[in-house]
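Take a look at these structures.
Shared between the two complexes below is subunit A, which pairs with subunit B and subunit C, respectively.
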Partner chain A sequence: MKPSSLKTDERTLALLKNIQVFMLPVLLVFSLILFATLSPVFLTAANLTNVAVNSVDLALVAAGLTLILLMGGIDVSTGFAVGLTAWFVGTLSGLNLNPYLILVAAIVIGATIGLFNGSLTVFFGIPSIVATIGTAAIYQTLLFLLWNSRDVFAEPVTPFLSGSGRWLGVPTLIWLVLLIYLALHVVLTKTSFGRSIFAIGSNPEAANLIGLKIRRTRFIVYATLGGLIGLAAVTYLGRVGVVQAYSGNEITFLAIASVVVGGTSILGGEGSILRTLGGVAFIMILNNGSVLAGVPSIWNGVVIGSIILLAVSLKGAVVILERKRSGI
Partner chain B sequence: MLIVVIILTTVVMSLISPFFLTQSNLLSLLMYTTVVGLLALSQTPVILAGNGGADLSVGSVLSLCSVIFGTLAVVMDLNPWLAAIVTMVCGALLGLINGLFITLLNLPPLIVTLSTLYLYASLALVISGGRDINGFDEAGFAFLGQGSILGIPAMVLLVLFPVYLFGSFLMNKTVFGRNVYVIGSSAEAAKLSGINVVRTKILLYVFSSVVASLGAIVTASWLLNARSTAGSEFLLPSIAIAVLGGVAINGGIGKVSGTFLALVLVAILNSGLQLAGVNSTIQIGLLGVIIIVSILIRSKDQSKAIAT
Partner chain C sequence: MNEILTSRKLSKSYGPTHALRDVSISITQGEKIAILGANGAGKSTLMKVFSGAVQPDNGTMELNGSSYAPKTPNEAIVKGVSTIYQEPFFFPHLSVLENLLMGQAMQARKGLLSLKELTKQASELISQVSLEPKILKKNMSSLSLAEQQLILIARSVDQNVKLLILDEPTTILTDTEASRLFAIVDNLAISGTSICYITHRFDELDRVADRFIVMRDGEISGELQEPDKARILKMMGTETSMTSSRAMPPAMAQESKLDSNGSEMLTVSNLTAQGKFNDVSFTVGSGQIVGFYGLIGSGRTEVAKAIFGELPLQSGSINFKGKPFVPRSARRSMEAGLAYLTEDRKTQGIFKFLSIRENITISIIARLQSFGIIKKPAEIEASNQAVSRHAIKTQDVNNLITSLSGGNQQKVLLARLLISNAELFILDEPTRGIDVKTKSEIHDAIIEVARNGNAVLLITSELPELVRLSDVVHVLRKGEIIASYSNSAINEKDILSSATALSA
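Moving on, here comes the complex of A and B:
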C-alpha cells in the first residue's frame, strides 16, 4: 500500500473516532438548544424534572441492557418483561402487603425472567436475539393471560419509588438512577468482574482461553438485567398507575436505542454505562421536546432509527480501518 | 417428521371442530397462509446464509411497501399493476440498503436489520401520517386477493405456489443457491473457493425484501387497504416457521420445502385454534415456544459453541 493512502486511512480513522466520541454530546446540546428556542416551557426546572422522573424505568432497563450489549448479546424481550412484572407488582399491591416485600418480590420476579433468558443463551446456546424474540412472544402472551381483560390499577408501592418522593429537593427516583449507574460504572471499570464483561464482549474465545468463567459471568449479567427490570416495573407502575395487555411494550426498542446512541458498541466489548444515561436523556428530550414544540412526533422514530444506523455504521467503519492498519 | 405432525394435527383439529375440514375453512386457511408464507420464505435463504443472520426487517419492509403501494395506487391514482411493480422495485432498494450495510461495513445482519426494522416502520408511519389508505380499484385488482381459480384462491395459485417453486428452484438448482449453502456452512471456505460472498449476500437481502414487498401487494389486494403497521405482526411467525421447517439458525442447513411444510403446519394450528375460539395473542406465545423448542431440539450438537 502507498504511504499516502495509509495516511488518509489514519486521518479517516481519527475523524470517525472523534465523531463517535462527540456525537452524543453534540446531539444533546443541539436538541436542548433547538427545543429551548421552539418552546418557552421546555427549559424550565419543572419540565426537566418531569422528563427525568418519566425516564426512570427506561434508564433502569437501559443500564442492565448496557451490560448485555457489552458482552455482545442483546435482549428484545425487556418491554414485555417489565409489563409482566408490573402485573405481579400491581396485583400484590392490591393485597396490602408490606411495600418492601413487594419491592423484593418484583426484583425476584424480574431476575427470574432474566435468568430464563440467560439460560436459553448461556446453557442452550441459542443466539440471544432469537431466544429473546421467542421469550418476548411468551411474556406478551403470559401478560395477556394474566391480564384477562381486567386492567390492574395501583398506587405507587412506596412514595420513595414514585415521582413525588424528594431528598434534598431532588426526586428520590433520580437519586436511585444515579446510584445504580454509579455502582455499575464502578463495577465495570474497577473490578475484575467488570473487566471480564468487556473481555467476553470483545473476544469470547480469547476470554475462554485465559480462563474467564464466561458462563457464570453471562448468567450473572442476565440476572442483573432481570433485577433491574423488576425495579423498573415498580417505577413504571408508579408512573403509569395501570397495567394493561400491552404495558411496557414501548420500552424494548427505546432501551436498545438508548444504549446504542450512548455509544456502547452493539458488537460488544466497547462502551460506557454513563454514556447510556446520556442516550436515555437524548431520547426522552426528543420525545418531550417534540411534543412541546408541536413537531409531529411521528418523525422521532425516523430520527432515532437513523442515529442508531449511523452509530452502528461508524463502529463498523472504525473496525474495518483498524484491521487494515494492523494488516489483518 | 413434519408430515406426520401435520397429519396428526389435521386429525385432531377435525375431531375438535366439525368445521375444520370444510372447503370454506380450508380456503380461508390458505389466505392467511399466503402473506405469512411469503415472509417465511423471504426469511429462509437469509438464515441459511448463516453468520447469525435473520432478516428482522421483513415485517417493516412489508409495512413500508404497503404504504408506498397505497400512496401510488390510491393517492396518486396509478394503475395498480404498475404501482405493484414500482413497489417491488422499492422493496428491492430496501433490501439493497440492508445488504450494503451488512457487507460493506461488515456489520452483523441482526443489528442492521434490527435498526431498519425500526427505521422502515417509522418511515411507513411518516409517509402515511398514521392513517389507513383505503379505496383501491376494486374491480380488477381485488381478484388477486379475493378471487379464485378452480376453487383455489388466486393469491395462492398465482403468488404463493409460484414464489415457493421459484424459491425452491433458486436454492436447489442454481449456482446462487449452492453458494448460499456454502457461505452458510463457512463464509471463510466460501471466500477461499472463489465465491463472491459480498454479492451473494446483498442479493439475499434484495430477494428477502422483494418477497416481502409481494406480501404487501397481496395484503392490499386482499383487504383493499394499506396500513403503516401492516407487517408488524409477521416477523415472529416468519422466523418461527423457517426455524420449525428445519432451517438451522446457525446457517447452512435447511430447505425451502421444509419451510413450506412448517407453513402448512402453522396454518393448520392457527385455523384450528381460531375455530376453537383461542385468542390470537395466545398464538403469539405459541409461536415463541415453537421458535425456542425447535432450536433446542436441533441445536444439541451446537450448544457447545459460544453463542451471544
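Moving on, here comes the complex of A and C:
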C-alpha cells in the first residue's frame, strides 16, 4: 500500500497547474535575460521595437485564432489565407487606389475567407481541423495560380500600417495590436458573446440545449479571425514588401504555437487572449534573440515544438489527474 | 464461509475532507452486499479503492487471504475484482464481439485465433448473461442500454472474477430490465462470485443484497441484515423521509381548479416521428405535472426532444399557450418559453470550464446584458438567489461547477432553467443517480414550479418519483401512449403492468 500516493497526486496536480500558469512568464523572463547577456544589441529600444513591429501580423492572426481555439475549433489555413489576401492587397496597391479602400478590401477578403472556413464547419458539420486542412490546400493552390511565377512587390499601404508610423513615439502598429487585444479581452470577459464562446468551447451540446446562438457565434468568430487575417495581410505585405508562391505559410504554425504556449487549451473552453500575446512575444524574442546571439536559428523550431508538446502534455496530465480526483 | 475481500481501517482524504475513515469491511464468497449512503458519504471512494482506481492513504486489504493493493483498475481486474460503472463505458462504433475482445476474459487468451473460435468463446461468455450469440455481430450502439450493460458485465466476468462491483447499475434501466439484471447477478452469486452493489434506489433493496452497509461521512454508520428503510435512512442521517408514503400529488389541488377554466399550456396532437413514436396526443395544463413512463426504447425521451425542437417530426401539431407552435430548434423553443433538462448531465448539461455562477446564468445571459456587456451586479444577484433558493452547497460560486457533487450539479442545472422565463419545463430523469436527500429537495423544487402556474412534463424511470409528483401519468410503449392515469388512479402496480403487459 502506498499511503501517500494520493497526496502525491494532489501535490502533482497543484504543481502542474502552477507550471501551466507560470511557464510563460518564466520563459519570457528567462529568454530576455539569456539574450540580453548573450548579445549587447538585444535589449536596446531599437531592437525591441523592431521585434514588436515584426510580430504584428503573427499577433493579429493569433488573436483571432485564440477565439477559435476557445470555441473548441482550430484553423490550420491561416498562413496561406494571409498569403492569398496579401496577393490581392499587393495587386490592388499597384492600381493607385485610396489606401483606406485597400485596407477595407483586405478586411473584406479576409473575412470572406474566414466565413468560407466557418461555413464548412457550421453548415456542413465538417470538423474544423479537417475543413481547414482542405481550405489550406485550396488557398495555397489559389495563391500559386494567381502568383503565376510573378512576384508582386508593394509599398506599405499607409504609413500608419507600416513600421514607420509613430504615435507618442511608439509605432502605430503596436498601438493597433494592443487595441485589438484589449478589445477582444473585453469581449471575452465582459460580454455575453464572449461568455457564449467559452460555453460553446466547454460543451457544445449543452450550449445548444440552453438556447445559445451557436451558429451565429461560430460565424462571427470565424469572420473575426478572417478580418484579422485581412489586416495581417496588409501589415505582412508592409513588412516583407513582396508576395511569392509560399508567402505567409510560416504563420500557420507560429500562430497555433503562440496560442498554445500562451496556455489556451487546445480542447477549447479554457484560456486567455492576453496570454496569447505573451506567447507571440516569446516566439518572436526567441527568433530575434537567437539570431543576435549567433545561435543557429534552425534550433528555434525544436525549442518551440518542445514547448508546445510540454504545454499540451501538461494539459493532458492535469485532465488525467482531475479525472482521477473526481472519480471515473 | 471464506472471506473474499477484507479491508482494515481504510482511510482516504481529499484535502480537508475525509472521504473514508477507518473503514473495515469483509465480504464472503458468493455474498451480495449493498452499500448505501447519501452523496459524499464515501461509498464511491470505497468502491474505487476496491477497484484500484484510487489508492487509500492508510489501511490494508486482503483478497482471498493474500495482501491486495491494486495500483490500477487493470491490476484489480487481473486479480479478480471487476467493476461496472454507472455510465456504460464501451466502444459504440465497434461490434459487440469486438467490444468483448477488449475485456480481460478474451484478452487473456494469447496468440492468434480464428474468427470462428473467437465467436464461439464470446458466445459462451454472453450466454452467462442470457444473451443470444446473434447479438455479437451487432453494433454496440444499436443495443438497448440494458443489453449494453449486460455486455459490459459479460466483458468483466472472467472465469476467475471473485468480486463484482456494480455502481448504481439500474439508474439508467427500467424496472423490467433491472429485474433481468438482478436475476443474472443472482446466478453469478450462486456460482460463487461475491457482489457489491452501490445503489440509491430504495425500491430495489429487497432484490439486491443479503446484507446492507450504510455509510455516512466516510465512516460505516451501520449494518443491517434486513432492508429496513426507516433504519437505513436514520443511519444515512437524512432528515427527509422518502418512504413513498403516497403523499398527495402536489398540484392536485390546483388542478381541479384549473380544469374548470381549462387553462391548457401545451396541447400535443397526433405527433409522429418515423420509427420513434406514433400518433402521440396529450395535454399539460398550467400548474400540472404530467408524468411520462415507459421502458427504454418506448420513445418517451424522443417525444420530449421532438417538442423541444431537437428531433424532426413527420406529422402532428403542437399548441403552446393557445398558439400553434412549430418546434424548430432548442434555441427557438427556449425563446418561446420551453425549457429542457437533459437526462445526460455530464455530456449535455454542465459547462465544466465555467464557474457555478456562469453555469446558472448562462440561460439568461441575453437578458443580463446591455449593449453586449454583461451587467455584473445583476448576474451576481441572480446566481446568489438561485444558490440560496435551491440550497446549492458551495463555498464560492466562482468555483468551477465540477467542484460540486453530482446532486448539487443537478440543482445548478435545474436552477439554470428555473430562472429563465420558461413556462413549460420538460424534465428528463431529473434525479438520476442522486442521493435521497437531494432527490427530495429537487422534488420540492419541481412541485413549487408547478404551484407557480408553470407546466411540467416529467420523464422518469423511478416509479415512486412518478407517483409522488404526477397529476397525470402517460405510459408509453413502442412509441405510443398505451395507458393514462390521473390523480388517485396513479399507482405503481398499474403503471408497471401497462408498461410491460403487452411485451409478452
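Simple rule for what comes next: the second predicted complex is superposed on the first by the 321 of 328 C-alpha atoms of A that agree within 3 Å, B and C clash if a C-alpha of one lies under 4 Å from a C-alpha of the other, contacts with A are read in each partner's own complex, and residues count from 1 in each chain.
Throughout what follows, a residue touches a chain if its C-beta (ideal position, glycine included) is under 8 Å from a C-beta of that chain, and two chains touch if they have at least 3 such contacts.
Here the structure is a predicted model, which is why all the values come from computation and not from measurement.
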{"item": "Subunit A as common anchor, with subunit B and subunit C clashing or fitting", "value": "clash"}
{"item": "Subunit B versus subunit C as contact partner of A:T135, first or second or both or neither", "value": "first"}
{"item": "First, second, both or neither for A:W175, with subunit B first and subunit C second", "value": "neither"}
{"item": "Which partner, subunit B or subunit C, touches more subunit A residues", "value": "B"}
{"item": "Partner chain in contact with A:E270 - subunit B first, subunit C second, else both or neither", "value": "second"}
{"item": "Contacts of A:F144 with subunit B and subunit C, given as first, second, both or neither", "value": "first"}
{"item": "Touched partner set for A:F116, first subunit B, second subunit C, both or neither", "value": "neither"}
{"item": "Touched partner set for A:E205, first subunit B, second subunit C, both or neither", "value": "both"}
{"item": "Selected from 37-45, 73-81, 91-99 or 289-297: the stretch of subunit C that, after superposition, runs into subunit B", "value": "91-99"}
{"item": "Touching both subunit B and subunit C, residues of subunit A", "value": "205, 208, 214"}
{"item": "Subunit A-facing residues of subunit C, complex", "value": "12-15, 44-45, 48, 53-61, 69, 71, 85, 308, 310, 329-331, 333-335, 340, 342, 347-354, 358, 362-363, 365-366, 368-369, 372-374, 402, 416"}
{"item": "Complex contact set, residues of subunit A against subunit B", "value": "71-74, 76, 120-121, 123-131, 133-138, 140-142, 144-145, 204-205, 208, 214, 245, 253, 256-257, 266-268, 298-302, 304-306, 308-309, 312-313, 315-317, 319-320"}
{"item": "Subunit A - residues contacting subunit C, complex", "value": "1-7, 10, 187, 190-193, 195-196, 198-199, 201-203, 205-214, 265, 269-270, 322, 324-328"}
{"item": "Touch list for subunit B against partner subunit A, complex", "value": "52, 54, 56, 101, 105-108, 110-112, 114-116, 118-119, 121-123, 125-126, 129-130, 235-236, 239, 243, 249-250, 279, 281-282, 284-289, 291-292, 295-296, 299, 302-308"}
